[in-house]
Amino acid sequence: MKVIGSVKEDLSEEKRIAITPDIVKKITDLQLSIFLEKNYGTHLGINDEEYKNKGVNFCNSAKEVLEKSEIVLRVNCPSDNEVGLIKDKSVLIGQFDNLSDKEVINKLIEKDIKIFSLSLLPRITRAQTMDVLSSQANLAGYRAVIESIEEFGKVVPMMMTAAGTITPAKFLIIGAGVAGLQAIATAKRLGGIVTATDVRTTTKEQVESLGGKFLSVDGVENLETNTGYAKEADENFKKKQEELLKNSVEKNDIIICTALIPGKKAPRIISEDMVKSMKSGSIVYDLAVNQGGNSAFSEADKINVINGVKVMGAKNILNSIALTASSLYAKNLFNFVNNLYDDKKKDILINEEDEIIKKTLIDKKL
Amino acid sequence: MKVIGSVKEDLSEEKRIAITPDIVKKITDLQLSIFLEKNYGTHLGINDEEYKNKGVNFCNSAKEVLEKSEIVLRVNCPSDNEVGLIKDKSVLIGQFDNLSDKEVINKLIEKDIKIFSLSLLPRITRAQTMDVLSSQANLAGYRAVIESIEEFGKVVPMMMTAAGTITPAKFLIIGAGVAGLQAIATAKRLGGIVTATDVRTTTKEQVESLGGKFLSVDGVENLETNTGYAKEADENFKKKQEELLKNSVEKNDIIICTALIPGKKAPRIISEDMVKSMKSGSIVYDLAVNQGGNSAFSEADKINVINGVKVMGAKNILNSIALTASSLYAKNLFNFVNNLYDDKKKDILINEEDEIIKKTLIDKKL
Amino acid sequence: MEIDPFIFRLSIFVLAIFVGYYVVWSVTPSLHTPLMSVTNAISSVIIVGAIIAGMSGDIKGILNTSNIFGFLAIFLAAINIFGGFLVTQRMLQMYKKKKKNK
Amino acid sequence: MEIDPFIFRLSIFVLAIFVGYYVVWSVTPSLHTPLMSVTNAISSVIIVGAIIAGMSGDIKGILNTSNIFGFLAIFLAAINIFGGFLVTQRMLQMYKKKKKNK
Amino acid sequence: MSVNLLAIFYLISGVLFILALRGLSSPETSRRGNLFGMLGMAIAITVTFLAIGNFSIGFVYVLIFFLVGGSIGAIIAYKIPMTAMPELVAGFHSLVGLAAVFVAISAFLNPQVFNLGSPGDIKLSSLIEMSIGASIGAITFSGSIIAFLKLRGIMSGAPITFKGQHYINLFLGLSIIVLIFYLCNTQSESFFWRLISISFLLGLLLIIPIGGADMPVVISMLNSYSGWAAAGIGFTLENTALIITGALVGSSGAILSYIMCKGMNRSFFNVILGGFGSVNSLTVNNKDKKPVKNGNAEDAAYLMKNASSVIIVPGYGMAVAQAQHALKEMADSLKKNGVKVSYAVHPVAGRMPGHMNVLLAEANVPYDEVFEQENINNDFASTDVAFVIGANDVTNPVAKTDPKSPIYGMPILDVEKSKSVLFVKRSLSPGYAGVDNELFYRDNTLMLFADAKKMTEEIVKNLN
Amino acid sequence: MSVNLLAIFYLISGVLFILALRGLSSPETSRRGNLFGMLGMAIAITVTFLAIGNFSIGFVYVLIFFLVGGSIGAIIAYKIPMTAMPELVAGFHSLVGLAAVFVAISAFLNPQVFNLGSPGDIKLSSLIEMSIGASIGAITFSGSIIAFLKLRGIMSGAPITFKGQHYINLFLGLSIIVLIFYLCNTQSESFFWRLISISFLLGLLLIIPIGGADMPVVISMLNSYSGWAAAGIGFTLENTALIITGALVGSSGAILSYIMCKGMNRSFFNVILGGFGSVNSLTVNNKDKKPVKNGNAEDAAYLMKNASSVIIVPGYGMAVAQAQHALKEMADSLKKNGVKVSYAVHPVAGRMPGHMNVLLAEANVPYDEVFEQENINNDFASTDVAFVIGANDVTNPVAKTDPKSPIYGMPILDVEKSKSVLFVKRSLSPGYAGVDNELFYRDNTLMLFADAKKMTEEIVKNLN
């Protein structure tokens, strides 16, 4: 019986967990045994008891867990320290970043550890159940709106009352990918007036299908790659987009930035001037802050107030909904393991024919 | 020309202001001149310039303002210190509490100051435009939901996704007065499943008119007074209510408490056991915390975590939406002044025939 | 072996009843009054009988009772015909779709 | 001064057209096929003519051409009558509101 | 003119009458329908003249009576105010009835003119036909007179019932049959006159017990009677035009009254028999017996479809009925029809601040169609229809006029200034403040009594 | 039996036929309508026998032919599979047409039997009537045969057009008129036969160019023709039953085909003239020329109203059309009709996680009616109707069967297991994944081509 293990990660950076009680049974049904570190989920209100009842084994330290584990599930990249503890030739599955995690990855490869990074998952239909990017971006989009509203000194929905009319808050969503669409939906639900913009023309219909208005940059091509992602925009486009947004930004109360380009720095879309043109009390929430930020003044885990405009962004927004985020993340992981694991051989089977396995595997030094 | 004045209040307790730029013109149209203290609205992003442009005069200190003012507008009761500064025989309008503000009120009356407390406003149709209780309770209801959601580690709306289904959050609203109804509306908007309960039977239809479910305590009378408020419940009722809620509370994720009885301590509705019966991660937001609280463990401006359940409440929840709250409060105040002020005599006219004036005036020591 | 014309008339009568029955089934309520009014006007086709009655007899006998009743019937029916159709026309004027402002 | 029976028939014909016209206006599309089928069945009332043709003449002449055509017409029309009405009945069976479970 | 040609022309005029009735069943074709009717009538009259071809002194008299009568009719038609339509139709009806009686009398006195035999020796079938015609004509006449008086207000609109009325009517009806029987046996003039008198009486008694609210049904029914009378006389005179038209009018009138009864939720037979269940259920709620105009979804749809602008005024009732989605759909339909739609939200509509906004937003009503009171109140005066759905207090003008009213001083939405006001609510009961709303009784108000959601859905159906 | 009595009976059977047609216009009364039709026919046949009263050897032959024919008809009616209905009706039609021709021939050969004069000296009017009857009968016959062959699939359903066809038809039509003219002049048998042959030919040519999709209209039109033929012969035979019924069938058939054309958005005249605009617009998108069943809102409403359970499967198209409110209303209507309604939400329906949930919540769909795939997938097999609105990929069974498909391996909603599947989308084009969905071509699938919101609103209208 192969052993699958997971240890506590640095709670100051990551509150999500890779194995939730929900997926324990699914894993053990695959004839894998699970080892977790003590107090694995307590910070989320999940007691070790709950796991134990479902058949999970607990160890007192990360070291013990990693010594036993042939498959290690994680949320983020292990620390340098942990790399040493992971068994050689074991399998490590998580979400890694080719840039910031480069060194650790190289060390792991030296130990002949098979690294699967779900960040590299192809966006094909069959991979949807393992798509952590989607599942987490979706929650991030929701949460960005909630946190913006919490910070917003006014009321979002329109209210016509005996003491006067409260006009509805105006939202501008930059980038209508998974996170952007959920942000649109959430803002609409609360009664905001929602506009969104994107460089991919197909998103217009999608934005409208959620009741939002779409702001198109006129007369430019569709910047969509054949994998469904955005391409970097050229100068001409950037100028036109800036022109368009300049007028729009100042009319909005809350801006949620979600624009990303895979493998590149996030495009800078909201300029300093734009932020300054906004009304005092407005909010800019930059979900792209960790990729360089879509907005001027945005800094992770800080609220910068510029002329009364609050520009904010979180290093890890998912920590604030870690319960839901973990539950989806764990399911994605399980589905990935399920696809990787050969039921008959009772072992991991690296089928190079399988696009999902092939694309997520990191087996060369970066 | 009579002078109407307002000074900054203690920002640590009150961020709302009594005069917003919106109502300046309306006041000056009544041939009143306005004096404000320096930096009156800066904490809300409203510059003195904005007021000055509309014809407001500024003084450097509260003292100067109060020396000039024949009518003083406030949000809360003045401090002991300020009482001395207010001119004898002037008029003071604000929201005062017969209990906690008793001493100050008595001092003011000694100075022959006419005190009008909008907290005493009769809930008659004509008074609706001055009804600060409604306008502020409404915002409080909205905000309580937003803050609860911000604190809530899960997602509110139902989402059926490739990584599994997220079940919708369940809300229970205790008390379906103005605040409760707005809480219902806001929670519904976000996709929550909303149940509400109240002692007044007419609220059933009102709850349902917002798409909420009503939880009726069976077989008891309607505890509504003829002024539309709730009466204190008897033991029999309380027992039945407890029975009913016991089962319901543990199924809910977020509880918003708004139940009040005018002039009395707020009813204790959520017992310690009930809080403990809730799932870890649940939220109890107690809007009644300043009146004694509807829930066990609730303390103003604190989040008490009991078995993973967060019980919270704010001393002044309106501070977090001070902009909107001030705008409505100021309009209410203006409407009150407008009713009090005789256009021809260019003076305050205390018409004892007028139910609104009669009921709000405090002219005897408490 | 000729069929009695009465039978034909009866057939015609029966069929006309069906026509009348089906023809108004789908009338919109807002047209009830004009429809009644036009039906009323049409029913003064009785004037056909009145004319025959009024014009009967020769020149001398033109003023016998039967003719006089005929004249009166013509008079009444004529009021109805003109009044009925014209008033319907007036009512229907109201149902003209108003010009939209732009 | 008797009216030609043709005129009566014409009147009957015209009125029947109106009846036919109005009677099916409001039919639901799902009934188009059965309606066509029943109309088809009804149109084989031509059998009346066929019967007259078939039974004409005396015993000896019963098998002259005209009769034979009559018989054939009867045969065809009869297929149609029985087939038409019965098949309509079958079709309509489908339109019976299904019993709801519970 | 040959009898055959004559018959063909009568057939044509019959067809034109059919087309007339058909045309009147939808607003688009209604004017053309009326023209068909006129044409049919013109043909019938002309060919009758031509067929007789006796342009003697009789013709002059006929012409004079015709023209005088026609002019009077035309004048009445132009002078009468639109509000007096129902009673006018009733009045006209009485004339048709009387005309039928006169024709029957004429035929009875002078049967040879119509080829019915000679006085005292009239063909049996003709005699039966003409007495039926005369009797129904007489009933129509006197019944219509009563209807006219009731509608005009000369006679009380309340149903006048008395004990045993049904027995008396039954007795009169039987007498008519007996009289016809004797008349056929004896051919005696006196029976004929008695027949007519009793029929007059029966007409009076039949209509008197029926309440004013049911008068439209009664008129339509009398219409039907007059058709049957014409058909009866048509058989007597062997006149196809009369037969076709009579049958047409007879059956369509009967159907129409049936449809109207259904529309008003009244039993057809009770109305026709008179006085049975004639308490008007709507007047019951209306303590002061003030009349309200009571419409249905079709009327509302028609009014709004033809408006150039509609202002929707939502209130607590919309919320209770959860009618917001249907309402949005209604607005969409109207907009498709080119109608300008806006929403007027009163600051205290509903039961919590912003109540209407929550629901309108839920139904995806665009914010730029939603106006607060101050910004839209002046628009009512230039609006065709104010559609008030489940709102009440916020429209009540008593807030401006009666200082004693609990809502005095509240600024209200001036819905009453628009051309027509539609009120959707379930009854005449008051709103939150408990004050009666006098708008319900205004002339330009149409009440739509129903649950707000159901009614709105009905209206949507009728808009399409 | 006296001619008068006979005529009255014929009138009665005519009235019964009217009631039959009326009955067939709504599902509730349809079976009763059919019975009226049978009764009318029985009366017409019986009284005809009685009138002739010649129960000689002729009667025996008549009876034999009648019974043999009747039995054959009955057997066909019971044996034929339900799917063959349209062609069956077409086939039956041809028989009526032929019967009309035979009667006309018989009358032509033996006019004295029908009181039309003697052979070679037939009354002019009768001759005209009978030749019109025969000609229309012949057209009906050959036209119906073609319709039958096309529907049966023996002949290609595609419209067969060739240059100048309209001129040929015109020429044939004119020839018929000329022939009738000569026939009347000469009373020559040869003209009569030529008339019939040319009419046969015309019938063939008229129908051949019409496409299979328009066949129902054609059948109804031929129905109408056979009615006119019967009426023509009715005039010849001076038979009221034939005249009434013929006119009834003739006009109702014409109206019915008009209504059907409107329902299909086709020009009536194009269909009737054949081949003009007969390219079936729907087959164009269908590259493989696989047939799809194409329904309308009424069909959908009918199917769902009579279902005991309906599962709604929303997809991205519902979101694009913003059909959620209309959908909720549809579900409400269905629930009122006692139908159980649930929603099946696929995990990746739409374009973002939880896309459908947002919209369903907006429309206030109760959460307990919304099921995730795992919990509802087994219910499809026991469900009457799956209503798929703007979803596509998530229902595509290719995900289970074709490992090469880009969606292979995605769990899908098993809508195809339900008794009927309704697909609301605008065309046959594929969804996000770009894969054709074979469900569209299944036997138990009905495609509803329209914008999701419009179609749903239409269905709601039809549900009420």
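Things to note:
Which chain is which? They are A, B, C, D, E and F, in the order written, and residues in each are numbered from 1.
The criterion applied here is as follows: contacts are C-beta pairs under 8 Å (C-beta built on N, C-alpha and C of every residue); 3 or more make two chains touch, one makes a residue touch a chain.
Fair warning: this is a prediction, and the values are worked out from it, not measured in the lab.
Looking at the partners of chain C and chain F together, the chains they share are D, E.
With every chain reduced to the mean of its CA atoms, the largest distance from chain A is reached by C.
Taking D-F and A-E together, the pair of chains sharing more C-beta contacts is D-F. In this structure chain C contacts its sequence twin chain D using mostly the same residue numbers, the overlap exceeding half.
Chain C and chain D have Cα centroids separated by 35 Å. A straight line joining the Cα centres of chain B and chain F is 68 Å long. Mean C-alpha positions place chain B and chain D at a centre distance of 80 Å.
Averaged C-alpha coordinates give centres for chain E and chain F that are 39 Å from one another.
In chain D, the residues that reach two or more other chains under the touch definition are 2-3, 5-6, 8-9, 11-12, 14-16, 18-19, 22-23, 25-26. Each of the following residues of chain E touches two or more other chains: 14, 18, 22, 240, 244, 322, 347-348, 353-354, 358, 361-362, 364. Residue positions of chain A touching 2 or more other chains, listed in rising order: 128-129, 134-135, 138, 157, 159, 161-164, 166, 189, 191, 211.
All chain pairs that count as touching, in label order, are A-B, A-E, A-F, B-E, B-F, C-D, C-E, C-F, D-E, D-F, E-F. Remark: chain C residues 1-4, 6-8, 10-11, 14-15, 18, 22 touch chain F in the complex.
Remark: chain F residues 316, 319-320, 322, 347-348, 350-355, 358-359, 361-362, 393, 399, 406-410, 433 touch chain A in the complex.
Across the complex, chain F is touched by residues 5-6, 9, 12-14, 16-21, 23-59, 62, 64-67, 69-92, 94-98, 100-101 of chain D. By the touch criterion stated above, chain A contacts chain F in their complex at residues 124-126, 128-129, 134-135, 138, 178, 181-182, 185, 188-189, 205-206, 208-211.
Residue ranges on chain A touching chain E, taken from their complex, read 157-166, 168, 191, 193, 211.
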